[in-house]
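One chain, chain A, appears in both complexes that follow, with chain B as partner in the first and chain C in the second.
Presenting the complex of A and B:
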């Protein structure tokens, strides 16, 4: 009797440590973040000294004018632009990797390893390497462009508003491309060869077999890739923080850097929590709408 | 036909890493002077690495990172193996809920929780200590590690642990003596994935560790690029050192790691 009860408790005991750390770091802070968003608190006070703030944190964020701008930067430049570029280039590279020519010439393994390299490099290191390449005076890109006579003097790529976002986008796409390529390659490999053969028997050309076999098979994979990369990039802090600090006026401010600055530079933990809550809400709404749209598209086919 | 643009893209992908390595070996005057064809390979040396360890705190940051990431990885692998065993071997009532929590935390990014976690750890007096950062890193990596471990354990036939049980072995004995030796490759894969995630982490290391003597490698690099007069030779040397462990581990286990990290996206 006791033995069997012990045995039924076992799975819970075994997963208890995992649930404990997840509870401590995800569940409790998630709930506390909601409370904190409606309070005034500095890092030098204990949580007990917090004052009720009502909606002030949110109204202050709105009226300061920086937040809508940061939200726009986050959605358009940081997320949409880099995700679209990653999908486009990633699909091209995945199709190239799976092409028979590379296999015949035994170039597949080398190409695959080269494509994977940026993924092996830590994000901070990727940023450092690119900051050096893009450096306004002695960076290699500027030296090459002046050497070729394209420009007369060095362009401070990361320090002027007209080039800064394209520079950040280049860094993000470079570092985060391999994941997209590898997932798409795995997706392409999961398509049974018979389906292409059947399409060929039916007289389908390249374009027709792409439309009738490849695209429908890749759709579910693409759906997940977009969801994962959008959520990760939307919340990314490092790329903007370590290139511009979210500065250049407010040209490069994004939500994650605004959260960090509010909480740890302006010492306004309530404002930081409010931005965090807002970010969670935006991503939750995105996920729900996105999954609904993509699943109904699948049904109508 | 597409091979030419393909090759160009591969070169663009490769260039930053080659340039990083090359710049870390060039003499300091040459870096500020730029490049001419005659001086491309002249005077290459390890000077920048010497300056890195003599003039910056990197000699401390490196062991700091190793301590945090190795101990964190050991803890995460242990926790994930236990939980993975429960999810793989028992059909318990809470199982769907546990799986849901594991998947959901994958999609809940930590950045949005930095403020409450900071306050919580301040109350627990865990700021500015390795212990605090290790707990955070274990929590960040546990969900994925557990999901991966469950997959590896599902591949081990249950008959083996049942046989050991009939011989009177306890669950922990079964896991340590029977299961662990069999899923060893899986444990290594989970361990390496976990280590890389911890090694690369920046935000929490930056917020949690304020005293210079505790900083990790990634935070150390970020501190090296000042606004003006950055010694790029040193920054590139630091970058090479910081990238070395992950590049080596990743290369050794390339196929397994890629399969593990992309599996979720393809299966669902």
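Presenting the complex of A and C:
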């Protein structure tokens, strides 16, 4: 009797440590963030000193007036632009890395290593280096362009509204591109060679075999890559914060920088938690809709 | 098996042993936040203390940049360093939740040398109690290349803000645009150093951002005054006196500013003492300081600096106070190249002639107490001000619109 009970409880007992870790590391902080969003608490107080705030932290979000602008920047510039560019360039590079020429010349290993370099550089170092490269008076890029006679005087890339977002996008794409390239390379390698051979036998040209063999096989990989990069970028704070801090004016403010300002400059952890909750909700909605759309497409095929 | 168990037990006990060692074996911690290369003199002062007091040795810990919220987290959890270096503006945040030890009893029972004539005590007092003791004092002085000024026939540094604009425009014009008359960091970030000259300008013109009115607070600047200040600083960019690239620079010690001083393509800028010394050592040309425009007018510049506080969790506050007294002593300032916050100790410190701009201005400077303890934090003020001024420089807003927005943000902050 006892033995059979133990046997039936075995799956739960075995998964209990993992569930405990998940609960401790993920669930408790998330629940606390929700609680904090309904409280007033400064970073100098202990959690026990928090005061109930009701819905005030959420209603204040709309009265500040800066949030819609930051949300638009987050969705359009920070996320959409960089993800689209990374996917486009990443796919091109992945195809190039898998090309027969590189294989023939035995350059695939070297090429992959070179592509991985930006990813090996810590984000903070990459941003500091790029700030130096883009500097309006002493920057390497300006000196090169001036030396080549392309421009008469240095362009302060980070100090004018027409170039500041493109500069941030360049930094993000440069640093985060290798992840996309490597995952797509793995996806390309998983496509059986026989399928290309069969397509060739059926008379398919390069474009036809790309459309009928490569794209369908890459679709699940692309689904994951898009989901991961969107969530990762949408929540990213470091790139904008260390490059412009949300300036010029508030031209590059994003939700993550607004969260930080609310929590640590205005000393209102509750307001910061409310913005965090809003960001989580946006990403949760995106993930559900995106996965439903992509899975529906897959099923219909 | 037994060996494995022993090893596991040993590993599990390691953190506990660390904690016990942290307190029980006489390890006390003094945390400071200046970059390590600026704290070598301070490390010597701590070493001198440890040599003389083997019964109460102190370990100096550097956590740079300043992170008062980290101290608060630790103190609220019952730990943290015994003694902490604090920015003046952070003391009241620590005093309110009582995570510092009140110092009045210690100060009266064992007075530290020079504690009776300290500057900026208004920043370390909260609820009529002293929660920290002013330690070092600094301000921003005008930093200039005398040879570059001389080339344009400028014999004396500008005495007011209008003269600064006029002189720096002349220097830029005379050099055919090769020399920037006045260079200042003008980025939008909260940490952007433009916060200081903006306030100096407002104070010199009889206004300030906010003001305490008894128990309540009110906005103390009108739309026109703010718009005038924005127009004034924007002129440096529209007239190309300051390079546009400065709109992405936050720090007075930024390599682009120090480099331009070295090349002679920057005639004037502003810096605090530590940044000035670093710049002076890194370039070949002569650098001098002078008071900021209106710097000799009382209350037209800020008195910044550091304070020392004792953690509320400190188990030996009397011994910690003795250490604090050592750090306040003239002997420490012989090793530690900072200006003491004690006027008497300041008189005894040798000052390099190139730094006279600071020492002339310091007695006239006033702390940011005028903004402290308001419903809106000084960090929020910095963020709002820098953001709206930056919006004007970058052409996103007209001064009138930006000043209107800034006033709205200030009023909203004070309501909260």
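Keep in mind that, in the parts below, the second predicted complex is superposed on the first by the 276 of 301 C-alpha atoms of A that agree within 3 Å, B and C clash if a C-alpha of one lies under 4 Å from a C-alpha of the other, contacts with A are read in each partner's own complex, and residues count from 1 in each chain.
Criterion: a residue touches a chain if its C-beta (ideal position, glycine included) is under 8 Å from a C-beta of that chain, and two chains touch if they have at least 3 such contacts.
Model, not experiment: these values are computed from the prediction.
On the superposed chain A, the positions of chain B and chain C overlap enough to count as a clash.
In the superposed model, A:267 lies in contact with chain C only, and not with chain B. In the overlay built on the shared chain, the residue A:101 is in contact with chain B alone; chain C does not reach it.
In the overlay built on the shared chain, the residue A:121 is in contact with chain B alone; chain C does not reach it. Of the two partner chains placed by the overlay, chain B and chain C both lie in contact with A:138. In the overlay built on the shared chain, the residue A:256 is in contact with chain B alone; chain C does not reach it. Of the two partner chains, chain C is the only one touched by A:161; chain B is not. In the superposition on chain A, A:30 makes contact with chain B only, not with chain C. With both structures placed on the common chain, the touch criterion links A:43 to chain B and to chain C. Counted by residues of chain A touched, the larger count belongs to B, out of chain B and chain C. Of the two partner chains placed by superposition, A:203 touches none, neither chain B nor chain C.
Of 5-13, 41-49, 59-67 or 311-319, the segment of chain C whose C-alpha atoms clash with chain B in the superposed model is 59-67. When both complexes are aligned on chain A by C-alpha atoms, chain A residues 43, 46, 131, 135, 138, 264 touch chain B in the first and chain C in the second. The touching residues of chain A, when paired with chain C in their complex, are 42-46, 49, 63-64, 131, 135-138, 154, 156, 158-161, 244-251, 261, 264-267. Residue ranges on chain B touching chain A, taken from their complex, read 2-3, 6, 9-10, 12-17, 19-20, 23, 31-32, 34-35, 78-80, 82-83, 85-87, 89-90, 92, 94-95, 98, 101-102, 105, 107-120, 122-123, 135-136, 138-140, 142-143, 146, 171, 199-200, 202-203, 207, 218, 221-222, 224-225, 232, 235-236, 238-239, 242-243, 246-247, 250-251, 254, 258-259, 261-266, 268. Chain C makes touch with chain A in their complex at residues 68-69, 72-73, 76-77, 93-94, 96-97, 99, 187-192, 243-248, 250, 255-256, 259-260, 376-377, 379-380, 382-383, 386-388, 390-391, 393-397, 412-413.
Within the complex, the chain A residues that touch chain B are 8, 10-12, 14-15, 17-19, 21-22, 24-26, 28-30, 32-33, 36, 41, 43, 46-47, 89, 92-93, 96, 99, 101, 111, 113-126, 128-133, 135, 138, 140, 143, 174, 177, 179, 182-183, 186-187, 190, 220-221, 224-225, 228, 231-232, 235-238, 242, 256, 259-260, 263-264, 269, 272-273, 276-277, 279-280, 287.
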